[in-house]
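Dropping the structures in below, format is structure tokens.
Below, subunit A partners subunit B and then partners subunit C, in two separate complexes.
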Partner chain A sequence: MELKVLKATIKKEFQVRLRVYPISFMVGCILTSFYTTFGAWLMYHYFFRRQLSDSFSGLTGTSDYMSYAIVGSLMYLFVVRTCLNVSRTLMTELWEGTLESLMLAPFRRVAYFLGNMLLQTITTFGETAIATLIGVFFGLRIHEFNIIEFGIAVVLSLYCFFGVSLMLGCVMLYTRNTYITQNTLFTGMFLVCGITFPIEYLPTGLRLLGKLIPVTDCVSLMRAALLGGMGQGQFTQTALMALISGTIYIAFGMPLMKQAERLALEKMEG
Partner chain B sequence: MIEVRNLKKTYDVKRRDGLFKSHRERIEAVKDISMRIDAGQIVGLLGINGAGKTTTIKMLTTLIEPTSGTYSFDGMDAIKHPSEVKKQINMIAGGERMIYWRLTAYENLWYYGQLYGIDNAVLKQRIEKLLKLVGLEDRANFPVETFSKGMKQRLQIARGLINDPKYIFLDEPTIGLDAVVTQELHREIKSLAKEHGKGILLTSHYLSEVEELCDYIYLVNSGELVVEGIKKDLTDFVFLRNQYEFSTKGMDEAIYQKLKSHICHVDNEAEISFENGKTVIESKMELSSVLAGFAIQEMLTINELHKMEPSLEQAVIKLSKDMQKEEIA
Partner chain C sequence: MRYFLKVVWAEAVKQHKNYFNNRTIYISLFIWPLFSFLSAYYSYSAFDVEGTLVSYINGKNILVFLMLGYMAMSFFRSVVQSAWNFSRERQSGTLEYIYLSTANRLAVLMGNALSSVFESSIVMLIFGLLIVFSNCDSINVNTIGVSIVLLLFIIMALLWGVFLNACFLYSRDTDFLFTILEEPMEIFAGVKVPIAIFPAWAKIISLIFPLTYVLEALRQVLLNGASISSISNTIFACVAIIVVLLSATLITIVVVEKHMRKTGNVVLF
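Take a look at the complex of A and B:
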């Protein structure tokens, strides 16, 4: 039955998007990636005058700042698009008046969320591909492409983003707010997850905060798969950390989501 | 059989007192409700002044958990096993909610069918049957957003029947529907209960609808059960009486006085008046045969003998007014 729900949710979401694909939203996200990359490019060329401190290559394993920042911004686009849509699914159901009819059906929520996640992943891959082309224009160079590491990074990223989406979705459903919640989280992630600079440059508290969000490890893994600069042992250790933190997010996110659903239905009473 | 005993639901809500001040308040949406729905029975749930009908339905559909009380579903503890209950129930609410506007009618029913894990072959047949039932077979492949309000409501009814539920909760199901569709829906509701043995709980603002369809009625006010029973029990509860209009050929004051004394022997609480050559009697008793007997005895030709039973609407309105008076007092 879970597979039925998973397949049906993918099909339903696909049908909805086929009719009303939010093109402006997609363009907005690609533009965010463009602005991030462009901002990094401007800073690198006109503020830093292409001068990087020695510590940068020591910390990141690369001296190609533009590729470092572009991979970070592509991952940021990926996490924003995925988390945003998955975490907002129940809020969308609430707005569209279908939350009650959905909750009346006796299905496992995990299949429903995974269905949404998988369809979103396909869409996001397309959007990231467009953003990658923009990145190439700004100087993205793939130095050491490792297909196995890339595969591991993609799978672990999806796993972790699913966990983050669940937690974000709980907060959204509980507060009945999407904009403040999502914008706070995404701005926070941009600052503390090593999107355009290594988190080691941050104060200790923020660095620890960045470590608690699995996106940081996922970005590091993706950079390692595309740009190199990370030994096998360190890659395995980072992958393990991402797996553990993703599991913790999912393990807490699922039961919390049930609670948030219950509260949302009660709040509908006013 | 569905049976709930002493069902209660309280909410803790935050109330704003100003920009930065707020306080917590406990709201008792449902204070004490006990009710029963048998298979094949249509039960009405009527409410006065924010009675807690929707909260009750949400508890019965396991969407929300009661604060206290027991809920037995065909002998099973429904509070402990909500998933099992969900397989055998469905809810149809009034309005245009509970369906995806961007999907077609067919896609909507297919998706909900998948959520209930219905076999695809069975589901295909059921969708076709339900679309025919609600008169949407020609619009099956049109997006719902192009539908009229009535069509959306009809699709919602089909959605509520997609899992062939044993018990159906109808929350204002005919709101916004035209008379023809309403009549068809009434026929279908009766058929679902009487021919297919489904237990139905109906809430409606149209009291004539409740009167026409329901075998048993629960009347709630401020989260508490006020009265339950068949329509007559409710009208008796508020002391509503039958009204008789009686006139004969050549009826005059003398005959009226004779009739008045005759009626008072049978029911000394009856109210009798003489207006426009007609005697109007209000009584809790059955007086048709008494009036006919009087005409025979006095050798009078009956022009009119008309009995009007009090309606459910009259009963609810009177009860509502009485309660408002009590609250003010």
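Take a look at the complex of A and C:
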């Protein structure tokens, strides 16, 4: 039954995207990644003439700033695209007038959201591949590729991003607003999740906020898998932290989503 | 003139009632630029700030340097949003009513931009001024220069908004406006990184944005104590841009009205 819902969701979403997919979304996200990379490139090569601060290498385990920033921007692209689509799924159903009929159907929400997530992951991998090519042009270099760590980082990232998307989706359904909620989260994540600089530079409050969002750990794991600079013990510890926070987000996100759905249905006409 | 100002004021009040009826608007007007500013500021921490080639930037005034960039950008960014909102007049069919009225077209566009420039940037302006005043020992101000540059700055931001509004009298497809003008303006106008150190090709792109010139002038008079004569080239460029923007707006208004009369279509494309 659940597999059937999963397959049906993927099929439906794929058809919708094939026919009415707003390509400007995809182009916009790739461009954002390009601008982040380009901004970092200008700063590193021209503004500060490749002179890093003394603390940077110690905090990050690498002296290759461009690779550090580009991996961060690629992960940011990934999380933004996932959140944009998975979180907005039910809101889109609400806008399109299909939420009511969807709620009448006897299906498990987990399979429905996973279906959306899987399809989005495939699309996002394509977009990230394009952004990676741009990154290579601006100086992305893989220093210590570890396939096992990379696999763990990818799986954990998808798991955690799913949890973040669920929570964001709840807020969207509750407030019936996507523009303000999604952009506030995205600009906030860019600041506190260590996308282009280590979070140790932030004041304590913002650093703690960053620790509460699993994206921070996922970005660190991906950097460790591609650029090295993190010991086995620290990698395991960060991976465990990501797993725990991702599980908390999903554990709270699913029941909250049910509540938000109920509220959205009650206020459908209001 | 009195009638012109009456239309400007009426349009500004209308836009205020349209967009400031919900407090969440302040999240987009203040929280997002604040987060972007903080991200840029903390990303500087990865570098040795004293190693920069720009003579007037140092570890002490880099916060003010960056704040001026984001504060100035919030003015120019707000008019991009204003143009985006103005395109909704077409979608909701109210543009037709504006055109049926005897209201001066330039006054309508100016009222829209005026409301946007001042209301949307006020929170960021206050925050920016607080940062500047709390770091006043690290700045080197030329008072006369600042007065002239600020006047030019406000006129340019306003006319940039009027011009963008005029462009979108022509079309309802405005999504690309953000793709072209939001992030590229942040990068190429020198908000985060001064254009003086740009490679030649990036300098050429930066010339497209009016913000580039006026921001450079603003930083020179506030951080470097530059006199008006020493930045005369930038000042002339700003005046030239003002003339070009005003002329282009007046021409666009005439062309759009002719086009609408010919096609009889004010609502669609």
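In the analysis below, the second predicted complex is superposed on the first by the 269 of 270 C-alpha atoms of A that agree within 3 Å, B and C clash if a C-alpha of one lies under 4 Å from a C-alpha of the other, contacts with A are read in each partner's own complex, and residues count from 1 in each chain.
We adopt the following convention: contacts are C-beta pairs under 8 Å (C-beta built on N, C-alpha and C of every residue); 3 or more make two chains touch, one makes a residue touch a chain.
Bear in mind the structure is a predicted one, so any value in this text is a computation, not a measurement.
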| item | value |
| --- | --- |
| Side-by-side fit of subunit B and subunit C on subunit A, or clash | fit |
| Partner chain in contact with A:248 - subunit B first, subunit C second, else both or neither | neither |
| Three-chain overlay, vertex subunit A: subunit B-subunit C angle, C-alpha, nearest 10 degrees | 90 |
| Which superposed partner A:180 touches (first subunit B, second subunit C, both, neither) | second |
| Subunit C versus subunit B, contacts on subunit A by residue | C |
| Touched partner set for A:154, first subunit B, second subunit C, both or neither | neither |
| First (subunit B), second (subunit C), both or neither touched by A:118 | neither |
| Touched partner set for A:97, first subunit B, second subunit C, both or neither | first |
| Subunit B and subunit C, minimum CA distance [Å, superposed model] | 6 |
| Subunit A-touching residues of subunit B, taken from the complex the two chains share | 11, 29, 54-55, 58, 61, 63-65, 83-84, 86-87, 89-91, 93, 95-103, 107, 110-112, 114-117, 143, 159, 163 |
| Subunit C contact footprint on subunit A (complex, rising order) | 24, 27-28, 31-32, 35, 38-40, 42-44, 46-49, 51-56, 65, 177, 179-180, 183-184, 187-188, 190-191, 195-198, 201-202, 206 |
| Subunit C residues within the subunit A interface of the complex | 24, 27-28, 31-32, 35-36, 38-39, 42-49, 51-54, 175-176, 178-179, 183-184, 186-187, 192-194, 197-199, 202 |
| Complex contact set, residues of subunit A against subunit B | 1, 4-5, 7-8, 11-12, 15-16, 19-20, 96-98, 100-107, 262, 265-266, 269 |
